[in-house]
Amino acid sequence: MVSPIYILILSLAIGFLLSVIDKTNRKFSLTAFYGVLTFNVLVIADWFYRFLFLGVPTLTINTAGFRAPVSINLQLGVQESFVLLFTNLIGLFAAIFLYKKFKESNISSLTLYLILIMGVNGLVMTRDLFNMYVFLEILSISTYSLTSFGKTGKSLSAGFKYMLAGVTASTFFLLGVVFIYYFSGNLNIDFIQASQFTNYGSIALFLLSIAIFIELKPFPANGWALDVYEAVDSGIVSVIAVVNSAAILFLFYKIMPILPERFLNVFGIAGVITFLFSNMLALKQKKAKRLLGYSSIGQVGLLVASLVFTANAPQHLIYLIVGGFFINHLISKAGLFWLSGIVKHENISDWNVLRGNRSLLILFGIFLFALAGIPPFAGFWAKWELVKLLVHSKMLFALSAILLGSLFEIIFLFRWFTLTVKSDIAATIPRWDASKIFSTSFLGVIAIFFAAMIMKVYYGFSLIHILPVLAVLVIDIIDFLPSKVKGLLSLLAVLAYGYYIYPFESNIQLFFGIIFIVGSAVNIISTLNRTGKSEGFYGFLLMMIFSFGNLIIATNYLEFFLTWEFMTISSFLLILRGKQAQKASLMYMIFSTAGAYLMMVGFAFAPQLMGNSPLVISLANVQLPLISIILLSIGFMIKSGSLGVHIWLPEAHAEAEADVSSFISAILLKAGVFGLLLVGISYVKFAPSFDIFYWVGWIGVLTAIVGAFLASFQEDAKRLLAYSSMSQVGYIVAAIAMVSHLGWVSALYLAFNHMMFKSALFIAVAGIYYRTHTRNMYEMGGLIKKMPLSYITVLISIIAVSGVPPLSGFGAKWLIYTAFISNGWYLQAGVLFFASAVSFLYLYRIIHSIFLGQLKYEHQDIKEAPVWFIIPQYIFLGGIMAISAFPNLIIKPLNKIAMHYFGSSIRIDGYSIFSELGHWDGHVVMLVTMGAFIVPLLILLLLVGKTQKVKQFNIVYAAERPESPQTTHVAHNMYAHYRKALGGWGKPRIWNFWHSASEWTHSLADYFRHIYTGNGQTYVLHIILYVVVIYIVMGV
Amino acid sequence: MDIIIRILYAVISILVATVWGLTLTGIVRKIYARVHGRFGPPVWQPFLDIIQTHSRRVAISHGYMFFLGPVFRFAGGLGTYLFIPVILGSTVFGNFSMGGDVLLVMYFIFFGQLGMALGAGEGGHPYSPMGIARGLSQMSAFEVPFSLAIISVAIQYHSLNITTIVQAQQGSILNWTLFTNPLAVIAAMISLLGMNGHAPFSIVMAPQEIPIGPPIEMNGSFLGILQTNRGLFAAAKLILFMNLFFGGAAHPNILVALLIMMIKTFFIYMFSVFVGASFPRFRPEQSFRFFLKWPTAIGILAILYIAYL
Amino acid sequence: MEKKDLNEIEKEMKLANEGLPEKERILFSDARPSRVEPLNKYLEQFVNWARARSLWLLAFGTGCGATELRPLMTSRFDVSRFGIAGRPTPRQASVFIIGGYASIKTIKRIVRSYEQMQGPKYVIALGSCTINGGMYYDSYNTINRIDYYIPVDTYIAGCMPRPEALIAGFNRLKEKIQKGECDGMNKYADNFDWYKKNQKQIIKDWNMPDYNW
Amino acid sequence: MKNILKRLNEKIDDLVVVKQRDDLYFIKVKREHTDFILRYLKLDENFKHLDFMQAVDYIENNQFQLTYMLYNYEIKINLGINVMIDREKAEMDSMHRIWPHLWQYQREIHEMYGINFPGSPRVDESFVLEGWEEMPPMRRDFDTLEYSKRTFYPRPGRSTNDPKEYMKEKLYHDFAKSPKIRRDDE
């Protein structure tokens, strides 16, 4: 039990002694230096442990033997020790990080460093305003000096700018202190009350608080800080960005109680503005350290805002939100700055050198995900709770600004991430430095530790909800195994998982369980074709599949949302594995995140759930408010690729690896459908006065038609299928939006059917891609002779898609049109008819361009797709055939599911199904079709006489014989005439919209960036003006 | 036993329809010739052509799908026909209409088209996919007014069941959909022009530009099957239109009912024949645009008129 | 022993397709045309009756005589009343009208198109040029006798023969078909090597398979 | 036109001009001047259009005559440029750089007369005669009748009449006496 005062004393003493010690040997001085830092950490850790677990009361240290307010006193409580523990830890590890530099540099830098640490400790503990000023000055002076540690021209000028800004701020601070003393006669914050300040007096508080706030680098008066971040050595800058900021932030926290509320609100809003704009400006940034600088400033702004906004919240929430953001910022920012020191490349696209070192890459991922607020890291939970809090206190503008800022953050962080993982390595690979890697990895461990603590201790999640993350860890451990073994293990794991969650409480869960788990299990078979190790693949795959499963058993909003985020991140990582997937995956991530934020707000608006049953059941008795329905619907529709927000979909499908696409299309899109159905379940009983689902229905219908047209104009087989999925999911969305018995039966029927045929199609295309190495359909052709099995798959599947009887697709069409017409959605039904007629265009295109027509020279010796692709295809085909011949197999259970919510509108009599409008007997249709097929076949066989089999070029021609298979195969731009007929309707308007939205945002960011001139005087002017503006806004 | 009788009935029904369909084609050729100022081939020429094509000694086959293509096409024609009740209340000509309603018939039309498109595609001749691409595109366009008309009729009679729809039109000639819901009938009749592929919508076969289009490689018996199907399929389509819009064929005496059927289908067919004989051909994109403009607007009006007025 | 013979026969039945480059040979069928016997007597008579009444012309104008086919189709002479109709693809046509002089370049196309027609198939040679070269008998690129290259069923002399003469020719062809005398397809298959020899003698750049199926 | 010819005369020596009609002139130039003259006429004298190119076999002089027929849209005059080249060493410079479509004519002439045009694109590909192996057929020393007899299996029994005599004898021996048929437009 060492008194924390020794931290100050020892740091100061050793700091000054260092130059003497150094005279003997650098080794001694280094030992002393690190000794002190370690000592600090140990002392604080000891205190923190005592406060937290032993319940030791807050420690107050009076100096000079007097009690406060006469003397200056220091205070060390839970909060102080928490902040100090981490600042000191970062300080220590930053020092370790800088070990090499410290070994060689001038001894004064070690001294300065110790003094800086001392300043931080003092600043956090002291309760006296003037003492604060002193520590602030100590901190600032040591920082100015350390800033020029690198001794480059840039860092010197940055240090000078810092000094200018710091001096300006401290002038205000000192003035504030003087005035406060004048009004309250006291300098100890524990003895100052806001009530002591009259109208005039509040100017004293204003000067004090604005000085601290300026030190927190609010937008736009923060140009000096950015230059510092960019110019200074990465070890030092991590201390400045993290340790200094933490101390000053705590300073702000300390004086918060004496500030009037209107001050706080303005500061909170200024914090939000800082967060929003810093992240926006970062969009255009290419230099890693400057980008991190923008991000730190933004994060500090968010911290200030959350400090202010959580003021009235329960204690544990404050700890979670502020503490979560704090830890998140501390760890990820320090980690990333250190990584920038390891990487030694300025430009973010050169960070791909990290791919040379797997553990560093993982660390990079951890820090980046943590910073982006991706679960399970602390930032996610803080954001979730903050959103809830803001929604409850109706601060919607602040909320939307924070979410928009977070979205910008996601964009630049993930652009960085995808560039790192995907771009071509051009830069030189640096030497990996052990001391630096040690420090950085330590932070990674802390991040994971906190994530685990929050999940397990704070929320008490059961193992099943952590399972997705565990899967990644486990597979990561056994990643040395060949991929076939891992694939089989994954298959077993999925089956076991399915068995574990099997006894569902409702049939609808069972239904989606079959789609998610059984569908995934069959799809996994196709991944068994992988050779080599496929490092990391199965981990994320399992994470995604377990997330699907967890979605259906989630019992509250948080579980659902957490799982949703797991699903998003894992699918993002899977898509990213594709060869050219950088842009595609980034787009996917941006849209998914935007959707997730909307959902987050939507859930926050939703009323609390009672009981412990799955959402599908409990939501039936909950009235969701209109805003919540709208936000949730949009969120889920983004995931299912509805019109307007669909542009991520084709890219992601096309660029993902061949065997991943089938998961995305067949199963991932159904998650969106499932979500929409959840909203629908509440909608059944509590439809809002404004019929929002009517419009959702229109969107679904338009998605169907636009998707079908877009699919018809694709050259790339996977893009074609992707747009086809979009179109089909459009049908499903529209059918769900009907909120009627038949509508839901048809939606579920279609969802099931789509899962089967789209899996089969994507796997078939994967097999073809495996053999031909191309996705362009016009480069194939005539493969029916070489790949008959794949051909049969595609044939059966496209018949099932198109809705031609007797296969299962017709059932979907029949149900859906009957539902639409009996529901009174006539025009929508007309549009759907159009969509289904247009779907023939792309279906014929894919089968003709790939399998029919002319076989190319290079494919003359091609073989059938590997057996691992064939097996799952035929399992799905079996499913399609079964429900085609015996539609009762599926219609009956679906009827029962839908009857939970509505009265049944169909009558099933034997194999016949009667609706109020018409009837359909799948069995008779099947038999008649068989008869109608066999009889002409027999006639033909009887009459045909001698049949001569000929080859591909034996086609009729007179003048010139076919030149080459390439020129004879009609496949490229097959529907040019239709495009011509569509005229202006054929333009990619939605793509253009998002493209220009992105362009505008970036241009705006670029425009705002110009306020940072790089001139110190301008920066000071900014500060002064900022103070004036804040002064006016506050109306002091 | 029941099944055998049913099959027997189906065979009779199919034979009647096929013969009638082929005769209609013969009549149409004759009329075309007369419009041109020629004598024209005899009415039974289609039958001779079918015998001739079937009597070719060698048939060229490009592969299994090519072989099955005409079979698919004919099966599509047969199926379409078999799910339409030809004569109200008749067991012989009731066909297998318990299999489904008008939606089934509409989608069964695609069965043959898709199968034929696949078979022709395997032929490997560039003109086949060109013709098919045109055909599918045109189909997607004329399907729009047609489906709107069907929806309108479904709203009107609150049924998709063909028998019910025919039943509702009995009694007086004024009960025909033609008079109760004229807008839907106009929309549907215009799309019939596209369905029949006569000028101005003969862009699929277009002998001058893409010689005969999809079936360019079809020969011998394959072609024979296609020709037979053309007769049956024409009959099926006309009977569908007759049932939906022109009161169907109903009479206690089955022969009279058949006669009614023949007269009605003849006049329905003549509509598209006369339009075809007097117009030149559209270009593909003109054709699609046409269908997506006026007939679609009429179809929407038909729905609005029936549903909301 | 016998097995080997069979293999040899099978090999002989294959065409060499030597005119084609090596890599293109897989794209063309190498089957040899073979004789197909008519059906039994009455059935053959019946189908011949139908064949004679449903003559499908190949719409391929090989020479100046093709101009005479236009008036045949239109209202003045209207051959459709005899069941004669044009067909745009050789696969479906049964009558090939050689429209006058045939140059070397054209005979190549004639042979191709003829071979692509499915039997039974008939050839009407129209105009003097097809009989003995007509006024071009001494040209360096007009062949004199079409029947050395493909079997001909009916000749129509004249330069040019009038449409009436053509109709007479069609009637002659019809009679012959009904009598079962038109068996050009089998004649071609039987004398395949002779025809091929003649064809190859004048068609020097033989860049097509030996039989265009 | 006179001015043009005058200007041309200034450019090269011994220009031979033949006036066929008011709008049709021929000039004879030497082979080595051809390129210059054609360029000059096209660029400076506005003979922008090349109608055709043709060859004539003057076997008596042991020469080929090549004719480039130009046209001027402004003064509406055709101008033929005749170039005589040696028959034994039948070769001419390719002019396809002046008018790109000349390559096609040169290809035809190459095939039919065996005149070589070094540098002309695709000049060796067969144009009309696919796979011709004999002497180029338009050379006058090529005996087409002999070739036809040798190659095309002439049908025996062919007889030839002098058309004028034959017609007189067969059809119109009293043509002069026959009543004149009036036509509508007379």
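Going in written order, the chains are labelled A, B, C and D, and every chain counts its residues from 1.
In this section, a residue touches a chain if its C-beta (ideal position, glycine included) is under 8 Å from a C-beta of that chain, and two chains touch if they have at least 3 such contacts.
Bear in mind that the values here come from a model prediction, so they are computed numbers and not experimental data.
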- If you tally contacting C-beta pairs, which pair wins, A-C or B-C? B-C
- Can you check how far apart subunit A and subunit D are, centre to centre, with Cα atoms defining each centre and the answer in Å? 78
- Centroid distance [mean C-alpha coordinates] between subunit C and subunit A, Å: 71
- Once you find the CA centre of subunit B and the CA centre of subunit C, what distance in Å lies between them? 36
- Item | Distance between the centres, which are taken as Cα means, of subunit D and subunit B, whole angstrom | 60
- Going by residue number, subunit C touches two or more other chains at 36, 89, 91, 213
- Message: Which positions in subunit D are in touch with at least two other chains?
- Response: none
- Message: Can you pull out the residues of subunit A that are in contact with at least two other chains?
- Response: 945-946, 948-950, 952-954, 956
- Those chain pairs that satisfy the touch definition: A-B, A-C, B-C, C-D
- Seen from subunit C, its contact residues with subunit A in the complex are 23-24, 26-29, 31, 36, 60, 89-91, 109, 112-113, 116, 207-209, 212-213
- Item | subunit B contact footprint on subunit C (complex, rising order) | 36, 39, 46-47, 50-51, 53-54, 56, 74-75, 78, 80-81, 83, 85, 87-89, 91-92, 94, 118-120, 185, 213
- Message: Touching residues of subunit C toward subunit D in the complex: what are they?
- Response: 104-105, 108, 131-133, 137-145, 148, 198, 201-206
- Query: Touching subunit C in the complex: which residues of subunit D?
  - Reply: 126, 128-134, 137, 142, 144-145, 147-148, 151-155, 158
- Message: Please output the residues of subunit B touching subunit C within their complex, sorted ascending.
- Response: 29, 33, 36-42, 45, 48-49, 51-53, 55-60, 207, 211-212, 216-220, 223
